[in-house]
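The following pair of complexes shares a single chain, chain A, combined with chain B in the former and chain C in the latter.
For the complex of A and B:
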């Protein structure tokens, strides 16, 4: 019994939450596609794909404190790598998907050194420049991007099997369609990435990143190699962005250069802030809010009763208002909301005579957030 | 050579608009360390306000502009007091996200209310111009330069000699110390937003002047003004002016002289290229303050 308990504790420490909760979420994620119609399954797939990229941004911004608004650029680099290798050169996804990450990571390694000279919002605005210079390239180099009209992106292919619309996989009576295939691929990649990042941030490199975030000079004095730490944060972040961008474009199957805009970057930043900055789960939680919200709003607003106003504008207005209201009411994001619910729950439990106080999980989290972002 | 002077004049006029946008940014940034991503959207609101007051309500143009400045300044101050002051003390990121939310709302609300088509501004200048030695000086551009000079002068006098200007500088230097000696910091924040709103009206109206028009894409100018504020230094109003005019000239010159192999519309990214080059040499811009770091 004690062995089992200690195993559970260790397992819990490795995956970041109580094993039962993680298991429940994993099972829920696996059975989810069978309970959703095509519209919501598509939305869920986009959320998972975006969460991979958001996780990357959380390494850079949340854990290392380097504010970047250039994520759209790295997503685009990954997407166009996939387009050139998978579409033009007709290679399999087993090659272009990792390659998308690697090429984006190389771009990240080129941009990384600027972070050694620039701090805070100056870095943020230089990375905005990256988005615009990137868009200039995409609009003008038609061989890569198809020019202003856009280009088609290859479906994920493994050998003879491909994920294009109409394809389906039958596993012991269960039919997984085109959307489901992308869903599970994204889920597997996201789970692997979360495990990797979770281990990374609790190890030596992750501690170094958090030290750089909290007090850069103090970290340098204690022997943290600033150049190497910031570079590796950029490389990991842009690798995940590249993979996410490649999957996103492949799932969309067609994209124009205009899509890799500053707004996309802003959505990613919003996602990690909403979900919880410097947390592994925050990337997923935030992506659920930010990237599923337009679909939710679209389904909530009846097409007929829009009073003559364009439906896109109404959902944008609602989206912006929700961002404002959300941050005014709960500046700490979904994780803050969770902490609030947890403390409320423990208070209720205490009143019921079960004991408790503040949940032990929430306390270090609050402390971590208090030291961040001065 | 005539072409050069023509471009130079256009560059200076465009630079003046950038300087106004950049001034709006730096005033807010200096006091509260918030980059106001909604500044471009405020410009958009300003241009539409002037257009509605001048052509819809048929007010005289000068009166319409003054009324628009008053309305938008009041609106911004109210937004600051009602919304942003609730999250004072939270990480700056939260406030920045709220300004992004505001800009999403405005950018969607304007076309929803007024439609996607361009409106006329109702300005008295139109396309009229004076010609001196082959160079065309559009009246709207001449007024852009004059009004910008006037507003900047007013701002610097206000900042240097008035009681609230002093309060603004004190808040910028050290918020806690300012609070301790009785500076009404909350009112200063509201004031900075009011200034940002008032300046945005003037920027927006000149941006919409000939050959432009009042249309929903006016707000994009704020993205092109980022290089201007960074070039001058985020927290330096004089830097905003120098940066704005420099970027305006760079952009117009690039549109006139950039070789074809750089791709079409290179002038739109030229400011960013210049900005990155400057920042690699001077990481806090030309006039920004280098923070003293304590461990």
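For the complex of A and C:
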């Protein structure tokens, strides 16, 4: 116990527990592709891409309290923007990737005002409508979506530099293949997005979002413009969804309209519930659980012993169970579980700290810090 | 008449009805600049409803309100803070998941400018602005004596501390007029004394006009300069604490209060 306490104190004193953890995660994320085979690297890449979109949903639903089941629509808008600009018009990803975010954000700004009049379940239902309208468009406007049969999506290209299958990058003896390239691109975009949202929610606009979530009228009386705040949340959320959708479709290289269905929205909602509503890390943690689940099940259960149930169905059942379990047992998601472990850890360390000869004066202070740490 | 000679608040024939329920009717009174003005009355008299109209949460059925010489009822609710009106809530209006400091910072939202891009990219402007306003918010928390609770999520704080966070937040808004709805309700005797002293200090040191709703007669009679008495949504008396205490209608309204109070409990 004493050793644990002194370890924690030493770590905490030098760099602070949080930055140390972030650094460790960053290093792990960078070296991860070298330890994974193609199957798991592909899974990890899909997780990172999905986490970008989940982060967007967490801004809208988690931080601003606006329940949306329309995320699939904005993902699709991003994907088809990429298809039209990158595929049909053959522009570089340096254009279609940001454009996917911007076009989705514009759509978010267009539907925002309607959503501003609605709250809670009503908003959820109207945003479902958005998914259905999207489905109608994607199935019928073949020029954009390729019709019911689907269409191919452009690989990421920056000038002559190409992320297509078979391509690779050699960096000082290290070979990064097609999967690795997508992995690192998604990692960079996700890290930038997390940093942006982290700053946002600790600054003026993000505080306003959380105030609107907790008490709308009180927020307005404090000077928060409700319409503008919800609108920003919609725009930021759909921007990230658009970028995520474009990357997803590009990595898949082919998608049908049926893929942008309500189930996709539900998966994103599940991801933020499981990961942690209204947290930055929750989006990534939840995406790890939800979007890696089919791969995990596939590797755990040999098809012969699954009782004839396809993996997708087993995944769907598992999503449902996870949502129920987290709602009932830990509404703060995996992040909440982490906080519990952390507070247990600090309690253990504190108890050790007493024995470790902390002076009487410093004790209450440390204790106070620990209770604030959440 | 220049703006500074006009009363801070001019309420004329103000009426608020919810269908057949009349919260209050035909209220007319002025609050002078720098005055500590109390509104009292039995449960359900319409005091909180009056605050809700003055803070633009409710739209009155009839009447007018001028604040600092301008028409208050033409302000959008979110423009109120900028115009200089702050309030606290009888049943708390805090954002439970935010820390005390963040709650107080929301009070300074209208004084800040950083938007989504500037904050998200954490540009120099946003950083400097945040630092400046954090210091001001801290100062407000210190003023109300709860600086050491700055980083606690407000939802986890005791009721008495939460009430102080509300006062700190209203103070941090840098208002001209502050509406305090029952700041000592549900508090112990010693807490009441502290809050009474705090309200006095707010009034003396911060150049504020204060509108105070409170059931604690001891507090009201000690610190208010004038008192408005409401009963069933009507003004039954207005004057100095001494005048009001002698008023027969006031005495009658308050003799019946015990019964009224019981009824109100049942209603809740």
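Please note the rule applied: the second predicted complex is superposed on the first by the 300 of 374 C-alpha atoms of A that agree within 3 Å, B and C clash if a C-alpha of one lies under 4 Å from a C-alpha of the other, contacts with A are read in each partner's own complex, and residues count from 1 in each chain.
As a working rule, a residue touches a chain if its C-beta (ideal position, glycine included) is under 8 Å from a C-beta of that chain, and two chains touch if they have at least 3 such contacts.
In this text, all values refer to a predicted model and were calculated from it rather than measured experimentally.
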Between chain B (first) and chain C (second), which does A:323 come into contact with in this model arrangement: first, second, both, or neither? first
Please work out whether A:203 is in contact with chain B alone, chain C alone, both, or neither, and reply first, second, both or neither. second
Touch test for A:211: chain B only (first), chain C only (second), both, or neither? second
After the superposition on A, what does A:224 contact: first (chain B), second (chain C), both or neither? second
Which partner, once the models are overlaid, touches more of chain A's residues, chain C or chain B? B
Mind working out whether A:232 is in touch with chain B, chain C, both or neither, as first, second, both or neither? second
Which superposed partner A:273 touches (first chain B, second chain C, both, neither): first
Identify the overlap between the chain B-contacting and the chain C-contacting residues of chain A. 215, 217-218, 221, 372, 374
In the complex formed with chain A, which residues of chain B make contact? 35, 37, 83, 86-87, 90-94, 97-98, 100-109, 111-112, 223, 226-227, 229-230, 234, 263-266, 268-269, 272-273, 275-276, 279-280, 283-285, 291, 293, 295
For the complex, give me every residue of chain A touching chain B. 114, 117-119, 121-122, 124-126, 128-129, 132-133, 136-137, 139-141, 215-218, 221, 262, 266, 269-270, 273, 277, 309-310, 312-314, 316-317, 319-324, 327-328, 331, 372-374
Would you mind writing out the residues of chain A in touch with chain C in their complex? 196-197, 199-200, 203-208, 210-211, 213-215, 217-226, 232, 235-236, 278, 368, 371-372, 374
Show me the residue ranges of chain C that touch chain A in the complex, using the header's touch definition. 55-57, 77-82, 87, 89, 93-98, 102, 105-107, 109-110, 112-116, 119-122, 126, 129-130, 148, 151-153, 169, 173
